[in-house]
Amino acid sequence: MENIVEMRGVTKRFPGVVANDDISLKIRRGEIFALLGENGAGKSTLMSMLFGLYEPDEGEIFIRGERVRITSPTFAAGLSIGMVHQHFRLVENFTIAENIVLGAEPVRRKLGFLPYVDMRAAGAKIAELSRRYGLEVEPEAVIEDVGISIRQRVEILKMLYREAEILIFDEPTAMLAPQEIEYLLQILKNLRESGKTVILITHKLEEIKKTADRCGILSRGKLVGVYDVAETSTDEMASLMVGRELAGEAAPEEHEFGAEVLRVEKLDVIRDRMKKVDGVSFSVREGEIFAVAGVDGNGQTELTDAIAGLLRSSGGAVTLGGEDLTRADVRERMEKGISYVPEDRHGVGLLLDFTLGDNLTMRRYYEEPFSRRGIRDERAIAEYADRLIERYDIRSGRGYSTVVRSMSGGNQQKAIVAREIELDSRLLIFVQPTRGLDIGATRAIHEHILNQRAAGKAILLVSLELEEILALADTIGVMYGGRMNRVAAARELSIDEVGAYMTGVRQ
Amino acid sequence: MDTVIIDGLSFMMPLLCIAVGGIYSERSGVTNLALEGLLGAGAFVGALFVAFFGKLFPETSSAPMYFAMAASVVGGAVYAMLHGLLCVKFRANQVISGVVINILAVALTTFLTREINSGVFQAPSDKIQLGVSPRFDVPGLSKIPVLGAVFKSVYPFQVVILVVIIIAWYALYRTRFGMRLRACGDNPHAVDAAGINVQRTRFLAVMISGALSGLGGISFAYSFSANFSASIYVGAGYLAIAALIFGNWKIVPTVGACLLFGLARSGGYKLVQLLALPSSYSDLIMILPYVVTLLLLIFFSGTNRAPRALGEIYDKGKR
Amino acid sequence: MKKRSRVTRLLVRAFGDERRQAFTVPVFAVVMSLAAAAILLLAIGKNPVAAFRALLSGAGFLPKGSYSSGKGIFTDLMTTLSSLTPMIFAALAVTVAFKAGLFNIGVSGQMLFAGFLATVLVGYSALPGYIARPLVILIGIAAGAIAGGVIGLLKYRFNINEVVSSIMINYIFQYVIGFFILTKFVDPVTRHSKAIVKAARLVPSGVQIGRYKTDFPVIVVLAVAASFALKFFLDRTRAGFELRAVGAHPKAAQYAGVKVGRNIVLAMTLSGALAGLAGVAYYLGYYDSITPKALSSVGFDAIAVSLLGNSNPIGGLFASILVTAVDRGSTYMSSAMNVQREISQVITGLILLFSACGAFIRHLVNRAREEDK
């Protein structure tokens, strides 16, 4: 079969990292080619070069056998390459049809001179496309009124409208519900049937197994190899992906839990007029790691934000050590004993343009010794910061006076974890504490979490990585569609079961 | 009653022209507080044309006025390039840029007016005389009772602006350019992903807003002040901003807002006259547009929505 | 990596790191605008060096050729300081709002409101100076604080953009106060409000000091003190930290336990209070009456002045001095050099224009530094 895409020795460096290291790859016309790898393995960077967002530092790219320099997405579109990004790029106040034609508008002339965009012609073409590929949309609906799954269909239609032949999907199922995933995978197959080449960036093995023909595996910027999906087991793929045997880190030994610390009862949270958390109840005890598993966007963030007091709940109750905190604000909850490592490090967890010292004290800046009678004590802040910097091995250019924005992601996260642990709270909430971090930083943070458990703290951990959950959890709660679908001791649940609850296969 | 409608409309049309200019800029995502400066700079260029070439035409000819209008359109657009450059290319804060553009416009135009009057015409003055535009009645229609006033004592610029607004409406909502422009103000990333140059689109939008403001400005100069001087800067640009916010950044509702503002103004003057109050009472009427806009924002803050990407600097690299 | 010319590299090095840029970038903007002004002066056939000297002489920083009796470089300087005071306060007003992530373009309106209230309540009373002057200052602070606080409340309660509400409120003040002045307090000759009594004026005029008869703007000391106080407040106090946190990272501030809405109102109240001080220093200090139906340009200039001062209270102090000097020196320059007086506004405009480009210069320099690493 003909190779539609070929990469030879492609290398891309960013300050401090080699995102792609000497990658050579051939993709055949009319296949579904999966690109598998962990977070940060370099999948998105590689495909961004194919789509013209970056240019390779070294190496060559061939499309249909011809050497090309893809300088921009527009140029890529000219080569009939299209991409659906993780974050959709849609004009919210435009209709679906307008979004699809934007940039490739059919222009006609009224009365022979008045130019206008012929939306009727566009509508007909869109209707034809959505019939052919089974992509149901209502062309007149406005984007701000439709959900994620529909928006994704619009993105796909955008590519098809431009007659793209090579379709790149970047983690297309990350935000979708199970039925929606099934629907999407079917569409990918439909696309293959009609001769399109599909490149699927993912870290979900099941999807690859279900749809892909071949699979390229990336690990830490290098191409491990390209495998026939039919002939490779998911276990093999998984171990190739992580670059080590998934020797299930020994399930945590059984141990006794202390008294109940956090109790959440029938909690409801409404955000953007949608019920994101729906009647969730659970409790966490001293010395227990309660891990919440689930696909991104199933209400985990809203749940923890509501427990920490950043979002107001619309129903139910949160109690800490028997004390009702449902009406308390963020600070009161912190003072009563809730530490929170939020999901959004840059937007929520840090004052990015402030110094490391300010950030290490940002939850307690208002009280002594950091402030006395309304005046900040810089020396006390510096001393405290220096202690934490040393104890938690936080690396920065200028010590406590470093602006946090200039620090690496791993050290930023260490700073947050250090700050929250030092609050010495009864309850610690960690949301995706190791996302995007390298192995070393990940290990350090896991160690901190385990030490806190050993110290008798109650821990609520939210993660999207099943591996992380299985490695740390005493108890697992699975969230799906805003509900806590299943709560059980970690040793009673197999990975397959968790997967089934997470994807809503079991309710 | 007639004078209320006549005066109201003759104030409304230039205001609308400036407001639509503002809509072009803001719908593309560029906050435009510079309207005040743009209308002045545009009117200045128009007046300059009259000062230099007005003598070449017979005294009664209204040709210089039309040339002045054309010159104002060009002048406004050229001066607006400065705002475009600052906001689009130089990533300046758009609010600050707008304020600075206004300050500079007032300074430059008054300085140049004096400099040119004394240097070129040897007649020190801070004004450029333009005179008041002639008016006309539309035959037949102006005889209709009450509503006929719409067609009575019409300034030619009102007709010109009417045509321009219709074209501007069509261009914004029906053409490819308008569609892309509106998309830039909502999600520039989507526009960029579709292979459209966001920066160029925004730059053009700002230029159009300058052109329309210039046309509005020279119309004020030819009706209310009869000259070009610093007195052109009485806040029409800011009133236009109030109007376009009142109109929810859409052209048709903004027409209504301008009409309301225009009639409130002329009606207020009339009322003060009828009640035989001192003329300063009419100043109180002047606050009406601002009060109603503020009230609208307080009570309908949910439905009144600025373009989503308004004021956001679009950085291609940042994704 | 792109090859760069030696000049560019030198320039990039001269700008220095982020800390140094706080100083170098505004200076660069000033140099650029003076260069642009020099070109303009050359274009109309004047000697720019002589013109700038005349500008400084007029502002009282350099001696003039000759003075009329009772006048001297000292009196010129005093007049400049008197005019400087409202600019300093106004720039501080803009700065404090900006630190909280807000634009106060209503400074001029707040100035007018404060100036009017103080004029009406104290300016025509028979109170002795030692009561009247503090009262004027207090009324200025209170009136400004209320006017600014309303804008903060509108933002907090109704989510109305502060720029929009400021514009509306500016005009409402302008016309309503114009109405009252014209109907109640007008001086039939000047068409301004009637001049306030001497005892209430914050800048005593005609004070005999040595052989000079001069304005004596003690109030400028208050303005300078306010600059340092604001600097201390922002950098060293708990409330200042909260305000900056809200301005820079509102979500993180909420997470840190800071009340975001309350800080927005607080910042606008503080900003309004400073604008109110600017107002009384302007209408009951530099001037002694109010022009009806007009907003002072000080409040708008202050936005760019604050920016030129790198949104730092002390930087704003220097930027205020620069802009005021250009403005005050213009009368003398226009007569000495035979150019139109308005050229000073053009120079000011150019300074502000280039300072608005500061972010871009910074961006270019940092990108170049990044690539050279």
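Just so it is clear, A, B and C label the chains in written order, and each chain counts residues from 1 on its own.
In this text, a contact is a pair of C-beta atoms (placed from the backbone, for glycine too) under 8 Å apart; a residue touches a chain by one contact, two chains touch by 3 or more.
As the structure is a computational prediction, the values presented were derived from the model and not from experiment.
S.K.: Classify the inter-chain contact topology: is it line, ring, star, complete, or other?
M.R.: complete
S.K.: What chain is the most remote from subunit C, judged by the mean position of CA atoms in each chain?
M.R.: A
S.K.: Nearest whole angstrom, what separates the Cα centre of subunit B from the Cα centre of subunit C?
M.R.: Chain centroid spacing, subunit B to subunit C, equals 28 Å.
S.K.: At what distance in angstrom does the C-alpha mean of subunit B lie from that of subunit A?
M.R.: 47
S.K.: What residues on subunit A touch subunit B, complex-wise?
M.R.: 53, 72-74, 77, 85, 89-94, 98-99, 102-105, 107, 114-117, 158
S.K.: Where on subunit C does subunit A make contact in their complex?
M.R.: Per the touch definition, subunit C meets subunit A at residues 18, 236-239, 241, 244-245, 248-249, 251-257, 373.
S.K.: If you look only at subunit A, which of its residues touch subunit C in the complex?
M.R.: 15, 308, 310, 329-331, 334, 340, 342, 344, 347-354, 358, 362-363, 365-366, 371, 374-376, 378, 403
S.K.: Using the touch definition from the top, list the residues of subunit B that touch subunit A in their complex.
M.R.: Per the touch definition, subunit B meets subunit A at residues 170, 174-176, 179-180, 182-183, 186-187, 189-196, 308, 319.
S.K.: Spell out the part of subunit B that touches subunit C in their complex, as residue ranges.
M.R.: Per the touch definition, subunit B meets subunit C at residues 31, 33, 82, 86, 89-93, 95-97, 99-104, 106-108, 110-111, 114-115, 118-119, 235, 238-239, 241-242, 245, 278, 280-281, 283-284, 286-287, 290-291, 293-294, 297-298, 301, 306.
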